[in-house]
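In what comes next, subunit A is part of two complexes: it sits with subunit B in the first one and with subunit C in the second one.
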Partner chain A sequence: MNKALLYIAIIAFTIVAPFLFPAYNTQLATLWLMIIVALSWDMTGGQMGYNSLGNIFFYGTGMYVAAVVTIGLVYNVGEYTAASGGGIYEWTPTQYYTGLALSLIAAGLFCSLCAIIIGYLTFGLRGPYFAIGTLGVAIAAGELVSNWDWVGGGQGISMPSPPGDFENFKFLIYFLYAATGVALFMFCKWLYSTRFGAAINAIRDDEEKAEAMGIHTLRYKLVAWAMSAFFVGVAGAISAFQLIHFEPLETAYQTINLGIFMVVCVLLGGKGTLWGPVIGAIMFHVFKELTWNYFLGWQWVALGALIVVVVVYFQDGLMGWLATKKPEWFGETIEEKPVEAAQ
Partner chain B sequence: MSSIIELNGVSKSFGGVKANADISMKVEKGGITGLIGPNGSGKTTLFNSIVGYHPIDKGSIKFEGQEISKMLVPEIARLGLLRTFQTTRIYGAMNCVQNMLISLPHRKMSLMDALKRNTREDYERAEHLLEFVGLYEKRNLRSGSLSFGQQKLLEFAMALMNEPTVLLLDEPTAGINPTLINGLIDRLKRANSEFGITLLIIEHNMRVIMNMADTVYCLAHGEMLASGKPEDIQDDPRVIDAYLGAH
Partner chain C sequence: MDQILFNLQLLLEYPIVNLKIIIDGVMIGALFALSAYGLALVWGVMNVKNLAQGDFVIAGGYVSWTLAQWGINPLFGVPAAFALMWVLGWVIYKLLITRVIERDLFTSLLATFGLAIMMAQIMNLMFGSDTQSVNLELPTLYFADGLIDIPMAKLIGVCMAAALATAVILFMKKSRMGQAIRATAQDARAARVLGIDTEKVYAFTFSLNAAICGAAGAIIVMVWVIQPFYGITYSVRAFVIVTAAGLGNLPGVIAAGLGIGAAEQYGSHIFGIGYQQAIAVLLLLLVLAYRLSQQKRNRQVLK
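The block that comes next holds the complex of A and B.
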């Protein structure tokens, strides 16, 4: 009952927040983006034990899919990028919103497909090798795209400007992120309650044992990463519309910013828990905004210090720390068998 | 009785070490077969070869008439040929019930089935089997916090949960309190008689193996030294030599 109330309160706050704090609209949108990438990172990183440093690949790819779909729906993509602002390119509101809707779906599906292909190649790697291998994929993708003129090369690519009032458009972006975030949270909550959720936990805890017990390890790893990539791809697509213009290395395949931040969020909140990535994303975002505003020039030092402190002293994050302090909150008890059942 | 596992001329070397050399053996369906031998004689290696843990150099391994020597570990496990580990392996971060539920047979489980929750019956079976091995009271504890012996019992219960046709047990009584060994022997026998699971057991404890097995194979230096009824093996001078010589 209390839980239901909590969820209702969160949903209600999610809906009214941008109206209460219109000045912080973009901040709140970014917070949801962090929650999405952190929760999806944790699906494989925390729940399955495969610490990808390359999930930013799906973010960047989602952005480019959005651009190609939205532009390609109306114009020739190659001509559009070659003209780079020279020609007159206009989108009617219908064309724009059709492009937006199709982009989100296409970005999600395409990234899922990419995850399956990259997964086939990299899931043989374990531990740090998997992390570095996936990071390599993201770095290589950024370089390839920045040399690919058809999508604008290193200059990046511009999305059509949103039709109508720009303030309203900000609300639209916020609610797209928020809806994706809420959907992802509910999806994770459901997924982790299934046998599939237990199976990926088993892969994390002892993959060799899981194989010896006949679990379809490769299949589950691919499916889990494909699910995770879907949501990152959707988030990337939303970002493409939000940012309007983006570059391959600085924005789309930004391995050292968002690519690392999503991992830090999860570490802060607690790996392998449902709420950890959400709480971690909030903590991280607040920390980042404060340091970026009040310690400008030192913000990266502060962030580095935070990472060191977390990794050295709070490896299991806030949720993990709570679990050791209050194990009974997490259902760890010795239970005698009830007398009548013992017969 | 027919044999359910058949090994023919199986060899496996690690560099210069011939861990298994030209091993042939048969495991009778529905029976309890023992595998003994001094330390380092290649028993665990033979288990690893059977369950596809590493490719073998030569020979053939058949399970229910099907050649399995080229198959992968999870594929073989899904055929119903399961093993436990000499160094017990459980999912330490999960509690006992979760360990049991994760061990449900994935043999018949499609992806759609996997995306469902465990049923009431799954929980009941898990608890029933935990009770069978005497871990019911500990079922909600993190399994990593259990003692070594309890973890072995849990691993055994997990294997039963998987409904195997054949279970390969690598030293099931090692590290178990001697006063509890009789209880474990009794449970192993019941797993065989009540659940109809064929057992192949590696064991150093002669009393245990003589008490349970219908047939015993003895390895020494990677070679099959002797095989036969437990009482014959026990008195076989070659076996006695191998054990004494190893000390």
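The block that comes next holds the complex of A and C.
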């Protein structure tokens, strides 16, 4: 009963928040983006034990898929990028919103497909090799896209500007992120309670034994990564519409920004828990905005220091810390030692 | 596509261009091999995968560059960078690395990634984001009707890299500390039982790694340019080389380093300079895929 109330309160706050704090609309949207990428990173990183440093690949790919779909529905993409804003390219509202809806789905599906292909090639890598291999995929993708003139090369690509009032468009972006985030959270909550969740946890704990128990590990790993990639791809597509103009190395395949932030969010909140990534994303976003405001110039140093400190001293995250301090909150009971017997 | 074909044709028509590319590649590769050897050392001895490797290189370069600004000959920058980076490596070891040795590998990877971000940014704040280099003001040698040009600075740099590598190899083979390092790499527990202070060995190894990287950076600043954010490219290359060669395989590391240098030069000649970074990373993926297919035959995984 209490839990239901909590969820209702959070949903209500989610809906009301942008109207209460219209000045912070973009901040809240970014917060939801962090929550989405953190939750989907945790699907493989925390629950399955495969620490990918390359999930940013799906974010960037989602952005580019969104751009290509939206532009390609109406015009020739190659001509559009060659003109780089020179020609007259107009979108009617119908065309724009069709493109938006289609590109969200297309980005998600395409990223899932990429995850299956890349996963098939890299899932024989374990531990740090998997992390380095996926990081390599993301860096290579960024470099290749920045040399690919058809999608604008290093200059990047511009999305059509949104029809209608820009302030209203900000609300639309916020609610797209929020809806994706809520859907992802519900999906994770359901997924971790199923047999599938148990199977990927078994892979994390001991892959050889899981295989010996008859779990087809490669299939489970591929499906899990594809699902995680779907949501990152959708988030990337929304970002593409939000940012309007983006370029490959610093925005789309931003390996050392968002690519590493999502891992830190999860570690900060607690790996392998449902609420950990959400809480971690909120904590991280607040920390990031505070350092950006008050330590301008030193923000990256502070961020690097945060990563080091979290990884070295606080790797279980907030949820892990709470679980050892207050196990009763997590439904675990500890038998009290009878004091008299000890004496 | 036409451009690629044209470039390939050029290579076939003028074989001497091949020689130039290979010489360039070997020169670059020698420096890659140096930083990769440091990584192999740290990886093999204490199982720490140091993603800040490239930033040590760049930091060493800035040491030499700063000295050059004060009017000191950049050739003296190499030993200076070696010594200063040794101290920095020791401090970093005591503050950070000693706490991640016993932990799982992802921890060390992520912690050093954080370190890399910090170092790159601190250098950016200290020296600005412009590319910097030091001019030795030495003549350039020309061969084969001017088709092959070898600046003296590059030649000196490669000789210094070779001297440093030889010194390190001799040190590892002959000295007492080198023996202790090799013993710890083989079996840390047994080494401890036999009275080797492994903590000291770890600290020494990491400092040595930082110092080698620093010296490599001081050489790089004489022959190419450095920039605070170039570190990651050296880290990626060091990982490619070590993954390809395996740990504790010094001839392999040198061969892989030289090979990667040459492959990259070829790649950027054929596909265009914009692809140079992508080629280095794709090589890493290729190496990983190849090693994986090797392991798959015995139903094993890379871990």
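Please note the rule applied: the second predicted complex is superposed on the first by the 332 of 343 C-alpha atoms of A that agree within 3 Å, B and C clash if a C-alpha of one lies under 4 Å from a C-alpha of the other, contacts with A are read in each partner's own complex, and residues count from 1 in each chain.
Here is the rule we use: a contact is a pair of C-beta atoms (placed from the backbone, for glycine too) under 8 Å apart; a residue touches a chain by one contact, two chains touch by 3 or more.
Since the model is a prediction, treat every value here as computed from it, not as a measurement.
Asks: Would you sort A:215 into first (subunit B), second (subunit C), both or neither based on which partner it touches?
Replies: first
Asks: Taking the superposition on A as described, I'd like to know which of subunit B and subunit C A:256 touches: first, second, both or neither.
Replies: second
Asks: In the overlay, answer first, second, both or neither for which of subunit B and subunit C A:239 touches.
Replies: Neither partner.
Asks: Considering only touches as defined above, state whether A:124 meets subunit B (first), subunit C (second), both or neither.
Replies: Only subunit C is touched by A:124; subunit B is not.
Asks: Return the chain, subunit B or subunit C, that is in touch with more residues of subunit A.
Replies: C
Asks: Touch test for A:201: subunit B only (first), subunit C only (second), both, or neither?
Replies: First partner only.
Asks: A:291 in the overlay: touching subunit B, subunit C, both, or neither? Say first, second, both or neither.
Replies: In the superposed model, A:291 contacts neither subunit B nor subunit C.
Asks: From the superposed pair, tell me which subunit A residues show up as contacts to subunit B and also as contacts to subunit C.
Replies: Touching subunit B in the first complex and subunit C in the second, no residue of subunit A appears in both lists.
Asks: List the residues on subunit A that touch subunit C in their complex, please.
Replies: Interface residues on subunit A, with respect to subunit C: 51, 53, 121-122, 124-129, 131-133, 136-137, 139-140, 143-144, 146-147, 154, 256, 260, 263, 267, 297-298, 300-301, 303-308, 311-313, 315.
Asks: Considering only the defined contacts, which subunit C positions touch subunit A in the complex?
Replies: 49, 96, 99-100, 103-111, 113-122, 124-125, 232, 236, 239, 243, 272, 274-275, 277-278, 281-282, 284-285, 288-289, 292, 295-296, 301-303
Asks: Inside the complex, what are the residues of subunit B that reach subunit A?
Replies: 51, 72-74, 77-78, 82-83, 85, 89-95, 98, 101-107, 109, 111, 113-118, 131, 136-142, 158, 162
Asks: Residues of subunit A touching subunit B in their complex?
Replies: Answer in residue numbers: 191, 193-196, 198-199, 201-202, 205-206, 208-217, 219-220, 223, 331-337.
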